[in-house]
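What follows are several structures.
Presented sequentially are two complexes of subunit A, the first with subunit B as partner and the second with subunit C.
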Partner chain A sequence: MDVSFISELKSIVGEEHTLADKESLACYGYDSTPEYESRPGAVVLPANEEEICRIMARCHAAGVPVTPRGSGTNLSGGSLGRPEGVVVQTSRLNSIVEIDEENLTATVQPGVVTSALHRAVEAKGLFYPPDPGSMNISTIGGNVAENAGGLRGLKYGVTADYVMGLHTALPDGSLLRTGGKAVKDVAGYNLNQLLVSSEGTLGLFTEVTVKLIPKPQAKKTMLVHFPVLENAALAVSHIVAARVIPATLEFMDRVTVKCIEDYAKVGLPLDVEAVLLIEVDGHPAQVEEDAVAVRRICAEHHCSSFQTAADADEALKLATARRVALSSLARVKPTTILEDATVPRSCIAPMVKFIQDTARKYNLTIGTFGHAGDGNLHPTCLTDERDKDEIARAHKAFEEIFDTALAMGGTITGEHGVGLSKKKYLPRLVGESGIRVMQGIKQAFDPTGILNPGKVF
Partner chain B sequence: MEYVKLINCMRCGMCLPQCPTYKETFLETASPRGRVALMRKIEEGDLEVSERLLEYLSLCLDCQACASACPCGVNAGEMVAGYRCERRDGKELSTMENLILRRLLPHPDRLEAATAPMRLYQRTGLQKVVRKLGILKMFPPTLERMEGLLPELPVKPLRQTIDEVTPAVGPERGTIGFFLGCVMSLVFSEASYATVKLLSSLGYRVVTPKAQKCCGAPNMLSGDREGLLDAARFNVDLFAGHRLDFIVTDCGGCGAELKKYGHHLEDDSRAATFSAQVRDITQVLALHADELKAKLNPLSLKVTYHDPCHIAHCQGIRQEPRTLLRIVPELDFRELPEADACCGSGGTYNIEKPEMSDRVLRRKVENIKATGADVLVTANPGCLLQLRKALAQETPPIRVLHVTEVLAASLLPPLL
Partner chain C sequence: MDVSFISELKSIVGEEHTLADKESLACYGYDSTPEYESRPGAVVLPANEEEICRIMARCHAAGVPVTPRGSGTNLSGGSLGRPEGVVVQTSRLNSIVEIDEENLTATVQPGVVTSALHRAVEAKGLFYPPDPGSMNISTIGGNVAENAGGLRGLKYGVTADYVMGLHTALPDGSLLRTGGKAVKDVAGYNLNQLLVSSEGTLGLFTEVTVKLIPKPQAKKTMLVHFPVLENAALAVSHIVAARVIPATLEFMDRVTVKCIEDYAKVGLPLDVEAVLLIEVDGHPAQVEEDAVAVRRICAEHHCSSFQTAADADEALKLATARRVALSSLARVKPTTILEDATVPRSCIAPMVKFIQDTARKYNLTIGTFGHAGDGNLHPTCLTDERDKDEIARAHKAFEEIFDTALAMGGTITGEHGVGLSKKKYLPRLVGESGIRVMQGIKQAFDPTGILNPGKVF
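Let's look at the complex of A and B:
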């Protein structure tokens, strides 16, 4: 990147917060997506909204691409910059501007880490439900841009369900304000929701206002083992059909259970085909009633073991199995390809079975765990990137898995976003007209195409 | 560096919020994930080893909080330390390194003699005069920082005053070998005296071999592998001569290093036995928590606990010190936010990288103040030095004690 442009960036954000040495840039050539790499031309760490707007205006005038980045936990290559472009890392914009207890909203800067927001609102007896697996690292800005999900998606929904207002810097440096604290707002197109999951291709968030809800009074955590996979899947459908909506309804398959037991020794049996982690929350009386119903339904589906946590410590112990799923899988082989194929929840059993058959067909190890309650599965392929043949087989397997998810009425990504890694599948999901409308929207926001180019489509 | 260790990093970023230098800078180059990426780029030939690159790597405090957080078992801190050793291979030690690592540390008597002038310096009142007149401003800033860290030294190092064998009080339940450590014996001899007395009051016979040498951790930090191995061989030989149930240390840094002897000296089975016997003092005391509890007097103090990196991250000991503090009657224990975050001491890091060390320390001090505690307890000499200096400057000052000092003060009859 040319030296005079870098000095212009320095004049906006300061010398210390402008990175252009090759060592630094090498450290921004990746995010959490395996196999993708692209070294940006420069990285800036602005301190406030005004600096972001000035960076945008300057890049717009010079035709320099801009890619936003929080903590770089993206799993679809979305936060990778271009060699001729600038990466804007938002970590320094990390203050919680306001927690409004009358309106039940929180207003934060985009670089606030998700779990920090949880802690702040829970200290006031309030609750911000979206809890992506990366919540201790990922930022709210990134969560909004990717419409992140999490373990509580079944009952509480995803990030989009909580975003009430946004400040977004547009390419020309102007600031777009959408939504706000009003619960009802039907004026014009719903730009607010459009910006959620825009993956940094329509603007850069500079402030986010989210909805809060009262913190559930009680919860109960249960861990259930199933010797037969189909029975676990049926139990999931029947729990929901019985009008019980758990906060968490998580699934782990045999490969995942075996890896967890090998590494973490949490006492899981090795003869099960599936394990469910179920958490019900809400009013204490309702929680009791729901827990009884869950237990009955699991017994009807021939579970081999049913554990209920007596207190918070034990709940944590039971949840450990699910929490360490990814870690345990990641220790088996160096390259962990984690996907987020998503199907209607009635298709969980056939989908998991299809994934297992496909793994066998291509001689791969794929462990599947995920948010069974909302049909969002994480088939995780354990590979070694030095084995090119294995990597090629993994890609073929995922191609089939995504096609099958689409055939079942599902989608190519439940929570990781399209970015670079899923863009070839997007037309199969939304069709030609879908792509045409999206491109038209992109044109309206970003006529010169400087915002995160190459992502989504 | 083994390439597979580098590609094991799945770049999930779980290490970022745990890394003290990332938390201060938000820079990827100052994060464990970034450091692994830099080493990987060198291996792949994408980057050359430049001064700047080494500077980035050297910002690591080696606290190993990243290892505790990593799902894939990557230990970025240890990899950076290993990388320093590799780069050292074949290079001579500098005169100063040679003096400290080879001529001073392996010889406790010389080390004690070398610190004698400091004791004199403090006792004659010269320190007060020097500090008052600002004479140190005339010397290089590192010297001033080193002088500033120096707490009041005991009259004599513990190695010189402790008996080689301290008998058990009451029926004997076993024999413990006590590994003194350099700084604990030289500077915190009262805490180490308490360690020995607590063990003997619980029925252990405590053997303190006087010939023992430095554990070798400072050699490892400076990339002097040979010096480390010499120390390990000597200490294994020395302790092998006694029939011991445990080898106990009250220095987190020594404990972490001693537990690695078996790995360092793979061909000597006695080294594996030695390492398997090593326990931090808090581990042994916590075994007898109920028994100890019955012997404790009330101490009405507001106390919080800082997890030393070498205890929490390197040895995985978190519960034991808390258990011990909670059994003291009337003691008001308050959990410290970010308790297992580094205090910025990091061996000689606070001398070599004063600016980053101070930033990391400032965050620790703010967290400690937020608990409202009037005593900060920890279990490692580096942290004791760093935090004693920092917390003495607060108003009102916050006292800093080793776990064993708190227990000794509460023990009936009082030990100290």
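Let's look at the complex of A and C:
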């Protein structure tokens, strides 16, 4: 990148917050997504909204691409910059600006880590439900850009359901303020919700106001083993059809369970085909009744073991099994391709079976876990990117998995975004008119195309 | 309208479903919004999605404006067509296509009446929460186009929170399918949520899939009188700050209470400054506890009477007081200007006071009622459009009310839409960049501007 342009960046954010040396840029050459690498021209770490707007205006004038980056946990290559472009790293904007107990809102800067927000609001008896797997490192700005989900999505929804207000720096450096603390607002198009999940292609968030809810009074955590996979999947459908909405209804298959046990030694049995982690929460009386219903339905589907956590420590231990699923799988082989094909909840059983059949067909190791209550599965292929043949088979397998998800009325990504890695599938989902309209929207926000170019489309 | 074009419309939807005679068109010359009239060139009542797409394609080719219309209850002039244009009336598309008990979704045609959907899903133990005041005549298509709210918004949110999938006829006659039964979907921009509240300016809905939830097991309805207005408003804030989230938390001021009593004779006292209708629902144990907390907080704020409905019939009677508020006000004078200025919940007290002061300042009768828990108030001016001087004063008063709502961090419309009647205020809320981006979005969907022209911007 041109030295004089780097000097201009330094004049905006300061010398020490502008990275352009080889070693620093190497660190920003990848994110959590396997198989993608791209070293940016420079990285800036702005201190505030005003600096972000100035960076945008400068890059816009010079035609320099800008890629926002939180913690790079998106899993779709979304935070990789261009060699000729600038990465805007939001980690210095990490203040919780306000927790408003009367309006039940929190206003935060984009670089606040998700679990830090959890802790801050829970200390006041409030609750911010979205809890992506990466919540201990992911940022709220990234969560909003990707519309992050998590383990509590079934009952509480996803990040989009909590975004009330945004400050967004547009490519020309102007600041767009949308929504706020009023819980209802239908004035004009819903730009808030359009910006959520826009993957850094429409604007760069400088402040986020989220909705909070009262913290549930009670919770019960259950871990259930099933010798027959279809029965676990049927139990998921039947729990929801019985009008019980658990906060968490997570699934792990045999491959995943074995890897978790090898790594974390939490005492999972190795002879089961599936494990469900189920958490019900709310009023204590409701929790008791829901837990009884869950136990009855799991028994009807021939579970071989049903553990209920006696206390918070044990609950944490049971939940840990699911929380470490990705890390456990990731250590087995050098490359971990984690996908998030999503189907209507009623299709969980055939979808899991199709994934397993496909793994066999292509001679691959695929562990599947995920948010079964949401129909949001994470088939995870354990592979090695140096093994070109296996990688080619993995891509074929995922292509079939995505096409099957679409045929079932599902989608190509439930929570990780399109980014670079799923661009080729998007037209299959949204069709020609969908792509045309989305390109028009991109044009409306970013006429010169400097924002996170190459992503989504 | 050109006779040959009307013939073309007849060839698509049939002779008996094409209205072009003077009497029929007169009926479509107004909607529920006072002070606006515009007689369309023709009205068509298509039978299905395919006919809608064909109408759109034909109008697009001929450059003829198209305005969709459900029941015309939007209150912002949104469903008024152009003299040179066609109104597409959706009342024949009134089938509930499917209630999916496993995925907890309902798929309906746009002309289904909101309360008909309520009854159909409640018969299966399910619940579709959005309940706009007009629910006995309003349609789901209109609810989606306006993002209708209702009396249960505080706990359950608004229409947008329940829209999972849409079929939308675009101006060129192509059909856009977005979302579906998968509860998570982040593939590309969130067109679903962009289309919700787009007020018929981006596309015409031909099918809607909504999320359902289990029907709450229990409900308790309370009606509370307050001699001091500020105390009622403070009680609202304090109930929510105490982590109690009622399903319904509605406010009526003295003017409204008097009109309701004159009309419906439900036994409301005439010597109070404010009445709150409060409903808590959920698990019976939760309902009991919430009701106790509500009663305590209302007592702390010096309520003069606290009634709890003994049974469902009495609950209905108490709730009726609020449900008939608009009809009660509307019969007092020939013209009823109902607005929906919305503020953060914590600003309810100063906002109600400002409205009353403004009414006095301009010598107007303004009754205020609305969704206090949402900060969504309906100041309702009882006037006569033939009294030019009073109408001018009413407009001045509302201008001040909107500006004050904005200054408090609120918005110009919480649930009625911008339509024709609030166009002038939109730039004050969203700013120059907001308008520019919205115009770009309009351009992306409707490059020739045939869809509901003149609305929103």
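Definition applied: the second predicted complex is superposed on the first by the 457 of 457 C-alpha atoms of A that agree within 3 Å, B and C clash if a C-alpha of one lies under 4 Å from a C-alpha of the other, contacts with A are read in each partner's own complex, and residues count from 1 in each chain.
Methods note: contacts are C-beta pairs under 8 Å (C-beta built on N, C-alpha and C of every residue); 3 or more make two chains touch, one makes a residue touch a chain.
Note that the structure is predicted; figures quoted are calculated from it, not measured.
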Broader residue contact with subunit A after superposition on the shared chain, subunit B or subunit C: C
Which superposed partner A:Ala187 touches (first subunit B, second subunit C, both, neither): second
Touched partner set for A:Asn103, first subunit B, second subunit C, both or neither: second
First (subunit B), second (subunit C), both or neither touched by A:Met222: neither
Subunit B versus subunit C as contact partner of A:Ser237, first or second or both or neither: second
Partner chain(s) touched by A:Ser346 [first = subunit B, second = subunit C, both, neither]: second
Subunit B and subunit C footprints on subunit A, overlapping residues: none
In the complex, subunit B residues that touch subunit A: 4, 7-8, 10-14, 16-17, 26-29, 31, 33-34, 37-38, 41, 46-47, 50, 52-53, 56, 71-73
Subunit C - residues contacting subunit A, complex: 100-104, 125-126, 146-147, 149, 153-154, 158, 160-161, 170, 174-178, 180-191, 193-194, 196-198, 202, 213-215, 237, 240-241, 243-245, 282-286, 289, 342-346, 371, 374-376, 409-418, 422, 425-426, 429-434, 436-441, 443-445, 456
Subunit B-facing residues of subunit A, complex: 19, 21-24, 26-32, 34, 45, 71-73, 89, 91-92, 113, 134, 136-138, 324, 326-327, 330-331, 334-336, 385-386
